[in-house]
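These notes concern the structure reproduced below.
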Amino acid sequence: MSIRKRFQLISLVLAIGSSVFFTGCLSQESALVDDAAVVTIQNKGSDTIVNLALAWAERYQEYAPNVSVAVTGGGSGTGITSLINGTVDLANASRQIKTEELEAARENGIEPIEFVVARDAIAIIVHPSNPVDTLTLQQLSDIYSGKIRNWLELGGEDRPIVLLSRETNSGTHVYFLEEVVRLGNAEDTTLFSVDTLLLPSSEGIGTEVRQNPNAIGYDGLGYVTDDMKTVAVSKGEGEAFWPPTVETVNTGNYPIARDLYIYTAGEPQGAIKTYLEWILSAEAQQIVLDLGFVPVSYE
Amino acid sequence: MTKTQDTSASSSSDPKSGAAAEALTPIYEMHRSQASSLLEVVIERAIQTSGISAVVLVALIFLFLIKEGVPAFFEIPLSSLFAARWYPIEDYFGLISLVAGSLLVTVGAAAMSLPLGLATAVFIAEIAPSWARDFLKPFVEVLAGIPSVVIGFMGMLVLAPFVRTALDIPTGLTAFTGMLVLAWMALPTIVSVVEDVLDSVPKTYRDAGLALGLTRWQTIWRIVIPAGRTGILTALMLGIGRAIGETMTVMMVTGNAARIPTGLADIFMPVRTMTATIAAEMGEVAQGSAHYHVLFAVGLVLFLITFLVNLMAAVVVFRQTKRAERLLS
Amino acid sequence: MSRQIAQRIAFALITAAAIFVIIPIFFIVGYIVFQGLGAINWEFLSAFPRDGMKAGGLLPAIVGTLLLTAGTAIVAVPLGVGAAIYLSEYAKDTTTTRAIRIAIVNLAGIPSVVYGLFGLGLFVIFLNFGTSILAGSLTLGIMTLPIIISTAEEALRAVPQSFRLVSTSLGGTRWQTIYRVVLPQALPGIITGVILGLERAAGETAPILFTVAAFFLPQLPTSILDQTMALPYHLFVISTQVPGMPLSIQYGTALVLLVFVLSMNLIATLIRRHYRHQRVW
C-alpha cells in the first residue's frame, strides 16, 4: 500500500472511531431523556461514612431503580465544603458542622439541615501482640500529644509508640483532636504530636496497625477487623474500662462515641427526602449494624 | 518522560533549529503566492496558534498559581509561614516542614538514582551483549510506564514492612522508603538520557582510548563518561524534576508527618512532602479560604522549583554547546 | 592493582547495579500478576462493583479510564501535532521559537499534582465545568501536550530534507509538502509518541483527584459534564479506604491497570520497530 493510501486509511479509522465515540455518548444522553427521568443524588464527604453510604446506595437501587446515588469520599471537610458550594445534595460528616462553615453556607444562601443517621465508636486499635489492654482518656491524650513515647510507660513492651492518625480533612481526626487530645476542653490548644503519621485513609491506618507492633491508631468501629486489637477505654482513673461495641455505645458507657451526620442544603424535598427517610428506616439501620456501626436508636 | 524530555533538552541547543524550514522558505513563499487556497491559510494559522499554545499554557498556569497563591502571603503573616508547625485546620501554616520533607526525599532519591542510573546505562550501552541490549532498553521503559499509584501500592504493602523489620525502626513509612521508591521511579528517565548520551559519544573517542592502550573500563571511565558529562548532568536534573514532583507514591509510603528533619537519623522517620500535602488536603478546603490560598502557594513553590531546575539544566547545556562551538571553530 | 583486575571489579559492580535495577521490575510485575491473576474473569472486567466494591467488577473504572484517555487525545493530539509541525516546518530560529521550546520543557517538568491544582482552579471552579470528564480531559490533555509535541517534532525532523526538496521542486506549497509528504512519513513516529503520552495520562492519579474522579458511581457517565470512576483512582481508593477489601481484588485491579498501560507501551514499541525497518531512508 502506498504511503498516501496508508495515511488515508489511518485517518479514516480515526475519524470513524471518534464519530462512534461521540455518537455513543450523544445517543446515551438522548436515550435517558426519553426514559423515565433518572434522578441522581450526589452524596459526598466523610471517609468514615463512605462505605456505609455505598452500602445504602447499593441497597436503595433495589427500591428505586430510577434513583442513582453517586458516592464520593474525601473527608467530612470535603463534603461540607461541597455543600457550601452547592455542588452536592447530601454531605456526609463524622463531625458536626463548624460555626465558620455554617456562616459560609448561609452567605451562599444555603441553610444546612442536620440529620443523625448512625452512631459510631472511635476504637483505639493496636497490633494483636500488644499486651496493653486498657487506657484512660488522659493516657490517650498524653500519647497522642507526644508526652508518652514508649509502650513501657503503659505497662507494655519496650517499644517506641508509632502514632497513626487520619488526615486533617477527616471528621474523625477533628473529633479525636477535640474530644481526646484536648479532652473536650474548648480552650485547650494542644496539638497532635508532630511525629504523628497522617495516613491517607482508614485502611492506611489498618494496614500499618496490622503489621507494626509499635503502632497505635484510631478509627471508626466499622473499620476494625479481626486482625486488629481494640483497647478498652475509661473516662479516667478509677473508672471502668469499656471496649468499643454497639452495646457500650448505645448505653453511653464508651467514652469516645459520636454521632454520624448527613447534612442537606435546606429542607430535603422529593427524591432526597425519600432517600433520607429510607436511611432512617429499620432496613437501612440494619445495614448500619452489619457494617459495624451503631444504629440510631429511635422509638 | 524518557525519550521526549531528552529530545527537548538536546534540540533546544540544536543549532539546526528551524534550518529545515529556513532553507526552503524562499521557495515556499514563491509557491504560496501562486497556489495558496483559503483552506491552506486557515490551516497554517491554526498551526501557528498551536505553536504558541505551549507558551500561552505555561503562562496561564503560572498566572493562575500566582492569582490563587499570592493572597496567602497577605492573609498569613510571614512569621507564620516560616514557622515550624504545619497544621492548617488550626491555622498553623508553617511551610518549612513541607519544603524540607520534599527536599530531603528528592536529594536522597537523586543521590541513589544517579549512580544506579549511570551504572545501568553504562551496562546497557557498553557492556551488555547486543541481544541483551535489545531486550533491556524497552524493559527499562516498562518501568517508566508503571503507574505511580501501583508502585505506591506495592511500596505500602511490601516495601514498608520490609524496611521496618530489616532496619529495626519504629515504622516503615519513612523518608528513606520514599527515597528508595522515588530513586527507582526516576531511573528510566536517567537511564534513557544517559544511554543516548553515551551512544552519541563518537566511536573515535573509544578507538583513541584503546589505541593508547587503555582497557575498556578505563576508556569508559576516563573518556566516554567525561565526554558525556553535560548530558549526564541533564539526566540528573530531569531525574530530580521527576522525584520532586511525584505525588501518589510519596503519599502512600512516607507517613505524611510534618516533621522538620534535623539530623541523619531523621531519614528513617516519616516526612511530609509538598506534593502529598496538596493531594491530601485540596479536596476539603473551602474556596477562597486561607488554607486554599496556601495550598496554591505550595503549588507555586513547586512550579518555581521545577522551573529553576529546568533552567539550570538548559544553562549548563547551553554553556557546554558554546564551549564546544568555540573549540571547534 | 592491575588494570585488568580493576576492570573486572568495575564491570562486576556495574552489572550488579544493573541487576539491582532490573530485578525489581520483574518482581513487581510478576508479583502483581501472581496475586492478581486469580481475580481476573469476565465478570471482573464487565460488571459493576458490588458489596461495597469488595466483589463484582471494574467496568465503570475501565470505561472511565477509556473515556479520559480518549478525551486527552482529543485535547492534546491536534494541539500537540500542530505545535510540532509549527516547530519543525515553520519556525525560524527566533526568540519566540526559543521561548516556545523553553515553555515545552517547563510544561514537561511541572508536577502532576500542580496540573491537578491548575485544573481545579481553572476548569472546575473558574469556568464552572464542575468535576467532570471535560475538566479532567482538559487537565490531562495539557499535561500530555509536551510529550506529544516532543516526540512528534522528533518524528517530523527525522524525515530527510531531500523529501521536502523533491516536493517543492515539483511545485508544492509548504502545506502541501507537509500534508502529502512529510506528515505521512512521520506518522508512525507521531503515533508512537501519542500512544506513549496517552499511556502516561491513563496511569495518572493526581491530576484527576480533584477534577473528575469519583469513589463510586452507580451508572456509566452519560455526558462530558459527568464525573467518572477511573482505574488509577479506583486502585488508590480500594487499597486505602475500604476495610476488608480482599487482597485479590486489589491486586486484580492493579493488574488490569498495569496491563492496560503496558499494552499501550507494547503497541507503541511494536509500531516503532516495524516502521523503522520499513523506512525508505
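Lettered A, B and C in written order, each chain numbered from 1.
By definition in this document, a contact is a pair of C-beta atoms (placed from the backbone, for glycine too) under 8 Å apart; a residue touches a chain by one contact, two chains touch by 3 or more.
For clarity, every value in this text was computed on a predicted model and none was experimentally measured.
When chain pairs are compared by contacting C-beta pairs, B-C ranks highest. The greatest centre-to-centre distance from chain C, using averaged C-alpha positions, is reached by A. Centre to centre, using the average C-alpha position, chain A and chain B are separated by 35 Å. Mean C-alpha positions place chain B and chain C at a centre distance of 16 Å. Separation between the centroids of chain A and chain C, computed from CA atoms only, is 32 Å. Multi-chain contact residues, meaning those touching two or more other chains, occur in chain C at positions 236, 239-240. Chain B has residues 156-157, 252, 283, 287 in contact with two or more other chains.
Counting only residues that touch two or more partner chains, chain A has 199-200, 204, 207.
Against chain C, in their complex, chain A makes its touches with residues 3-4, 6-7, 10, 18, 21, 25, 28-29, 32, 38, 47, 50-51, 54-55, 57-58, 61, 68-73, 87, 199-204, 206-207, 222-225, 291. Residues 1, 3-5, 7-9, 11-12, 17-25, 27-28, 31-32, 34-36, 40, 43-44, 46-55, 57-61, 64-65, 67-68, 115-117, 119-120, 122-124, 127-128, 136, 138-143, 145-154, 156-158, 184, 187, 191, 214-218, 221, 238, 241, 244-248, 252, 275, 278-279, 282-283, 287, 295-296, 299, 302-303, 306-307, 309-310, 314 of chain B are the ones touching chain C in the complex.
Those residues of chain A that touch chain B in the complex are listed here as 74-78, 81, 84-85, 101, 104, 159-160, 162, 167-169, 174, 189, 191-192, 194-200, 204, 207-208, 211-212, 214-215.
Interface residues of chain C, counted against chain A in their complex, comprise 50-53, 70, 74, 130-131, 180, 183-185, 187, 191, 214-220, 222-224, 227, 236-237, 239-245.
For chain C in complex with chain B, the residues that touch the partner chain are 3-4, 6-7, 10-11, 13-15, 17-18, 20-22, 24-25, 28-29, 31-32, 78-83, 85-93, 96-118, 120-122, 125, 142, 145-147, 149-151, 153-154, 157, 161, 164-165, 168, 171-177, 193, 196-197, 199-200, 202-206, 209-210, 232-233, 235-236, 239-240, 250, 254, 257-258, 261-262, 264-265, 269.
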